[in-house]
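Accompanying notes for the structure given below.
We just call them A, B, C, D, E, F, G and H in the order they show up, numbering each chain from 1.
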Amino acid sequence: MTQEQLQELLEQVQSRNLDIPTAITRFKSLPFENVGSFAKIDHHRSIRQGMAEVIFGQGKEPEHLAEIFLRLHENSPNVLATRVAKEAAELVLAKLPEVEYHPLSRTLRWWSDRKIKGKGKIAIICAGTADLPVAEEARITAEVMGNEVEAIADVGVAGVHRLFAYLDVIQSARVCVVCAGMEAALPSAVGGLVSCPVIGVPTSVGYGAHFHGLASLLSMLNSCASNVTTVNIDNGFGGAYVASLINRL
Amino acid sequence: MTQEQLQELLEQVQSRNLDIPTAITRFKSLPFENVGSFAKIDHHRSIRQGMAEVIFGQGKEPEHLAEIFLRLHENSPNVLATRVAKEAAELVLAKLPEVEYHPLSRTLRWWSDRKIKGKGKIAIICAGTADLPVAEEARITAEVMGNEVEAIADVGVAGVHRLFAYLDVIQSARVCVVCAGMEAALPSAVGGLVSCPVIGVPTSVGYGAHFHGLASLLSMLNSCASNVTTVNIDNGFGGAYVASLINRL
Amino acid sequence: MTQEQLQELLEQVQSRNLDIPTAITRFKSLPFENVGSFAKIDHHRSIRQGMAEVIFGQGKEPEHLAEIFLRLHENSPNVLATRVAKEAAELVLAKLPEVEYHPLSRTLRWWSDRKIKGKGKIAIICAGTADLPVAEEARITAEVMGNEVEAIADVGVAGVHRLFAYLDVIQSARVCVVCAGMEAALPSAVGGLVSCPVIGVPTSVGYGAHFHGLASLLSMLNSCASNVTTVNIDNGFGGAYVASLINRL
Amino acid sequence: MTQEQLQELLEQVQSRNLDIPTAITRFKSLPFENVGSFAKIDHHRSIRQGMAEVIFGQGKEPEHLAEIFLRLHENSPNVLATRVAKEAAELVLAKLPEVEYHPLSRTLRWWSDRKIKGKGKIAIICAGTADLPVAEEARITAEVMGNEVEAIADVGVAGVHRLFAYLDVIQSARVCVVCAGMEAALPSAVGGLVSCPVIGVPTSVGYGAHFHGLASLLSMLNSCASNVTTVNIDNGFGGAYVASLINRL
Amino acid sequence: MTQEQLQELLEQVQSRNLDIPTAITRFKSLPFENVGSFAKIDHHRSIRQGMAEVIFGQGKEPEHLAEIFLRLHENSPNVLATRVAKEAAELVLAKLPEVEYHPLSRTLRWWSDRKIKGKGKIAIICAGTADLPVAEEARITAEVMGNEVEAIADVGVAGVHRLFAYLDVIQSARVCVVCAGMEAALPSAVGGLVSCPVIGVPTSVGYGAHFHGLASLLSMLNSCASNVTTVNIDNGFGGAYVASLINRL
Amino acid sequence: MTQEQLQELLEQVQSRNLDIPTAITRFKSLPFENVGSFAKIDHHRSIRQGMAEVIFGQGKEPEHLAEIFLRLHENSPNVLATRVAKEAAELVLAKLPEVEYHPLSRTLRWWSDRKIKGKGKIAIICAGTADLPVAEEARITAEVMGNEVEAIADVGVAGVHRLFAYLDVIQSARVCVVCAGMEAALPSAVGGLVSCPVIGVPTSVGYGAHFHGLASLLSMLNSCASNVTTVNIDNGFGGAYVASLINRL
Amino acid sequence: MTQEQLQELLEQVQSRNLDIPTAITRFKSLPFENVGSFAKIDHHRSIRQGMAEVIFGQGKEPEHLAEIFLRLHENSPNVLATRVAKEAAELVLAKLPEVEYHPLSRTLRWWSDRKIKGKGKIAIICAGTADLPVAEEARITAEVMGNEVEAIADVGVAGVHRLFAYLDVIQSARVCVVCAGMEAALPSAVGGLVSCPVIGVPTSVGYGAHFHGLASLLSMLNSCASNVTTVNIDNGFGGAYVASLINRL
Amino acid sequence: MTQEQLQELLEQVQSRNLDIPTAITRFKSLPFENVGSFAKIDHHRSIRQGMAEVIFGQGKEPEHLAEIFLRLHENSPNVLATRVAKEAAELVLAKLPEVEYHPLSRTLRWWSDRKIKGKGKIAIICAGTADLPVAEEARITAEVMGNEVEAIADVGVAGVHRLFAYLDVIQSARVCVVCAGMEAALPSAVGGLVSCPVIGVPTSVGYGAHFHGLASLLSMLNSCASNVTTVNIDNGFGGAYVASLINRL
């Protein structure tokens, strides 16, 4: 409930256009309406800012996912769904052929409002080719949230010299998102080369003593570069989401 | 080495003002000078921006820590040392009585340049009183890096209503740093109330199945609020450092 | 063996209606009959109280599960089977069309005695839609055990304001069962709003550093709300079972 | 804000005794006053019900702990502090000689209101003598919260027959709190003998592959007795707190 | 090489019936022949004692497993293969219809020499029906190694009274093998009732915080009954193997 | 309650020498008397067999430990206390100078009945000198329980040839107890050389990725020698206790 | 860029054969060309030394893997791909029938240059037959990198005497690669018999408390033989790669 | 026993200069003498090659350590003891003032034979100053084993450019030992720059989610540089020991 709405309601009471029991009823529901109003603000902001509503596809039935996507598509210029199986994607594409499905990152995106809202560039840096699905999820998210994105692939630390070729790109970014599996040393290396925030996305790429991403996660949390923060394993979406928030500041 | 410097150097070679062996020497040292120049830029930036050089005090001998602090103090308007034992602090204070020692967070700070460089406010939110040492480290760091800081203590999720009293403060911040131990639910709660980035700092406050911070760390990494990123356990400094970088963007 | 039975037996010995060797035989089997009598008491109580015998379906062959269900159905007004695969459910439904199968929670329920035995309401609160299968198992269990149940879904902590809309419901419950995955902050938030016992059911909903429910489990065990206890990961049945016991006190 | 207060406020607006800007100010602070009223309710309930305010002493400076204890002592007939070092206890006892300090459980208790509020008995069962400090914390907590307590010690499962001697006591309790370290089999054994809720408190008693309580914790979470729930390792207070809530229902 | 063989060989050298180069060749191969002789001794012992050669079937190709089984069958009166998939079993049964395949424990057994070699009985005790596959592997192993076996199923600690019905059986055994999943309290309970060695076999029966057998394993390692030792998770064969060795002493 | 006692009791009822209410009382306490009779049997057996009562000294107050030791000393020819601090030992030795204190293993032993009850020898084998405290605890335990012991030290697998020098000793033992830290390969090596049971005692000797004994424990649980079972980390007493039980069979 | 190349470039500038903008372009790309030149050097070395370019096949689409293999095959006399599924192998074999596919180790190898570059022999020692796939990957790698290889299988520590038969082979190797699962004691045993470096490759062969290779990994890291180093679980390639580097020194 | 010795022995038997019982005795002790001869060879090699006998000081009593050091000092030109507390060092230095004690690495070294036996240089590279104690242990070990050592400190990956300044040194080494804590990215970075073997020594330098070295260990085991192998956490000695073996090849 905005201050304007509240003023209007009180004026109606004062002018006796609204009887007190009815007003009480509306106030009683106020905390819920406050809740609803948060939700609405979120929704409005989503439309206003092109910040896509995001569907987390994992574990959702194909039909349910498709239905949610279609409903959001009606109200929002941009819609993003992550971790979408091919079957669910096909259900959506059958009805909305203009939607893009990215099989590598299993991402489904309706991206009609392509206005740039970020103030600078987001660099999305990927250690190895096997980390690409996560980096792609990050790139697709950052784009649909209105950012200019530079994606750099396969610049892992075992060939640290390759990174230097992209020094200009990396140093001109406003935020870096670094996706890395294995020993995940790349965020530290990037962190030492830039003065902007670096968001590390550990990936589950590895085997044996990698323990499904644990090795990469611990590596990033222990980065000796102070400008590195970390999100969950394989959470390319999350890394790009925070990067977008930062890039709009 | 900028393009201008390179052009100038090559012109000197062409015009024979620089002989080839000398030029080779300079080129050979180029990667190192690049390195050195990074280091210098860092150093200059530190002086120019008041971004304090930071000493990680843990494991350092009191005498060594004091000596490093004194040396940095000569060149820098602001110096910060974290995890400083009382003995080391006393060695510094004996020579520099204007330096502040904060026993709760075990932080030593020389803060002569108090110019604000951040564009907005950083909210530093603390779940319980036991998390205060970490939150204090964050506050002291954010201040010395030139930020306006709002510190809110003891608003843990078990009394989630308390948080609402500070909604204005939290929602007006440009970045939030949330320090929480135990089940560390606060970053998620804050993350749901703001649209800015939230940096979670898990603390080691807890016992038994807390496993020295692991419970809080996992909690934050799994936050259902998409705007939460995480740093290492008890790393108040790191949380505030990234927040400062974001606040200057 | 009740005191009455024992008295009767001794009277038969005393009156020589029972010779000593036979009596010894019956006493020798007494510990076993005690066992059997415990089982019988349990069984009687089950019939008397409508407390359903419960079949844990996981790992059981469809035929075996169906057979056990059918046998219990003969003796008990209410029968519950959890973690039942569709195949096993179909075997039962073919013979007993009045039995309900809930595919989301994979629960099979024969619920003919719907008398309420609990003294108050049990609130079953679910953090996200992905936690619904576990919450549904809890709801179905609590119902079949004779409780009035209020089920509230999708009130996770990242939108903590949503919880306030249900404050009346939650605060009027006699016990709360809270099912949550991810960072599992909801039991703490609920625990801070009510003075009744809260039973946390961590779910395996999450990925990466969630480690199949470990993050949620640790979160609940470390809850700063003192009224929270915890059961095993995904154990919706267990949570509701204890809640039912409490609600009958 | 009660309905009466709301009605009164709206009537003042309607009658123009309250101008709209002032009313708006009061409505804007409404969520906070709601919050404040929760806090007050909590406080009142504490006084009204003799539910002791509890101080978690671990990590608190002796002086701080003593000060908090003294302040609570002024307002509350019962005060409990857990994990209190001897130094802190002595500071309190110097001023309040009527306070009891229990060195084994390191608990400090001011227990002037000894009215029984629980409807039945709480059985506090302890597997081995080494688990006694945790069981004692539970007993002292349950008592100060107004419960009749039966404490049974040293009935671990390796001599499972000992438990049978206490069958009457255990089966007549309304709630059981079972403290056990090592393999922590006791909650399952007790759970199989009673139909009331059993709260398992794993202790850190063990060595080697006990991993500071992990073995006991996992054991309890995996109990095959459906009436067992679990609290954090060594959390005797928490176990007794929930048992008290249940016992008042 | 026995002392007799060595004496004979040296006598042949002395008497020049064996030339030195040939003798050297035989000595050079001595460590290997020692090895070979160990193997032979093992083999002979296997025939002599009916101690079956054992094939660990997991990960073996069906054809290979079948081939090894057939070859051992030619030389040995008893052959045991564990963790045998149905396909492999059928390959063997096609050729040797007298071999038994036990689908529950996935064990394949050729058991022609049924002489009893153990001095007493081995009790194989199983906590729940889900632990039966492991207990069955133990039973089948103990039998084929020449032991009289008493198998007791479904006497878990949650109904600890059931165990008492079998007190005679358990107390008359020379060794107990106890297979238990979940919280695995049974070995402790049995251990407290008998004075013979108890071999705990943790099973992977459980879910969530059971971590695939870890909970049961830690439980057994921390048993407060001093007569309990432990083998690997689900290692029914190993438990029975050691029990057999003990039973022959 | 033996059959004789039961017969007698029933005869008294039949002959009316015992009235029914009294008989009921005695039957009601029957499970407890069974329990008590177990306890007595244990006690008698302890005296009869010279099986020492054992005190686990860890965490016990010196005075308590000393008191328990003195009381057991009055009734038992042999008393053993493990993990005894020097202070506690001195309290005992001041009163009972004939008691032996072994500082390396921190064991206190009163060993007056030195009769051999084991049928063969127990070999106690120690991988490295750092494992000696655990091996010593095993040796002292095995001796006081009436076994002939052969202790072999420092025959770790990195110099596997050393083991062969003791082949005779090892192969003539009836049971082997093998104490090993680090990679704990020795139980497997010994297990391959003998046909008797081998009890592995993992020690906490190691550093870094040894994780306080976890590496050794896992190693033993995964031994490819089928005759190896395992006890808890550093549990030299437990290893020897089981070995003694086996050696008496 | 070698000093010669730099000298030549500067001479061209000085002699005006190279204009400054072009020179700048070349210098600007210098870090990248350095990168490229590293890559080239690697490539050249690969051709020169027969050090095969290696494709890690896991997670790669069959078509992509096949394409990469074909392209490398054009430029390199030897090509190795590890963890190759049968489908991908068949795509390659259809075009290049001279390529070998090893199903056991899932390795694809084009080995036309069979010149020996290693100075001595590499012994590849395998504890059990189940470890063979990893040992085979090591053997195939070591061969294609130009080493003389001795492969010894099934000499696990439980039959440690078998190892002695191969003492000559092992002691004459320049490097040993030891592949072992289960308790992985073999590297320590080998390490104690040789004075050359031993590279331990833990395998995931085991079950239960083996935790997918963790037990073997910890065992090797804690080896009491000082000449043992370790690579990741199941990393036969990595073990052989390092052994090859050592063997060329 | 060499072939020559065997021939001689058999000739003595043949010529009857050695009676058969004596020969048998010698053959019986042969495996042991083989063992003993290994030990002797080791000892001789130690003297011959200056390969220092090494004492692992952790957990040893100061007096014992000193005694062992003194005894080795009598026979060996070089003696090394690691993890030596100051007290133990002072006991040795009191008798042997020429011995060096290095407090940072807690290493005690008697280094009289300084002949170089390694064929090239060993580079010992240290990520941060806090890793220096481990790197120093490595340097001191490598020196005493007769290697030329280049020690490079503080070139961690967060300032990866610093590494390039030392490219010549690193690329000219025959083996690299890299000591790193925190995220331990340095071995990968070094591994990508050199073609020689790289031995990673994870250190316990870090806090929070570093878990006492686990993060660094996992990082190294998952290195994407194929030439990296790993030793135990903080095992500077082990890293240098293997590097020395390699450097002598």
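Here, a residue touches a chain if its C-beta (ideal position, glycine included) is under 8 Å from a C-beta of that chain, and two chains touch if they have at least 3 such contacts.
Treat the numbers as computed from the prediction; the structure is a model and nothing was measured.
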Labels of chains that are neighbours to chain C and to chain G: A, B, E, F
Most distant chain from chain D by Cα centroid: G
Centroid of chain C to centroid of chain D, CA atoms only: how many Å? 25
Centre to centre, by mean C-alpha position, how many angstrom separate chain A and chain C? 39
For chain B paired with chain E, centre-to-centre distance based on mean C-alpha positions, whole Å: 60
At least two other chains touched by the same residue of chain B: list those residues. 31, 38, 159, 161, 208-210, 214, 217, 221-222, 232-233
Once the touch criterion is applied, which pairs of chains come out as touching? A-B, A-C, A-D, A-G, A-H, B-C, B-D, B-G, B-H, C-D, C-E, C-F, D-E, D-F, E-F, E-G, E-H, F-G, F-H, G-H
List the residues on chain C that touch chain B in their complex, please. 127-128, 156-161, 163, 182-185, 188-189, 191-193, 206, 208-211, 214-216, 218-225
How about chain B: which of its residues touch chain D in the complex? 130, 159, 161-162, 164-165, 167, 205, 207-210
Chain E partner contacts - residues on chain H that touch it in the complex: 3, 6-7, 10-11, 13-14, 16, 20, 23-24, 27-28, 31
Chain E touches which residues of chain C in the complex? 31-32, 34-35, 38-39, 58-59, 202, 204, 212-214, 217, 232-235
Okay, in this complex, where on chain E does chain F touch? 45, 54, 119-120, 174-175, 193, 195-197, 199, 217, 221-222, 226-233, 237-238, 241-242, 245-247, 249
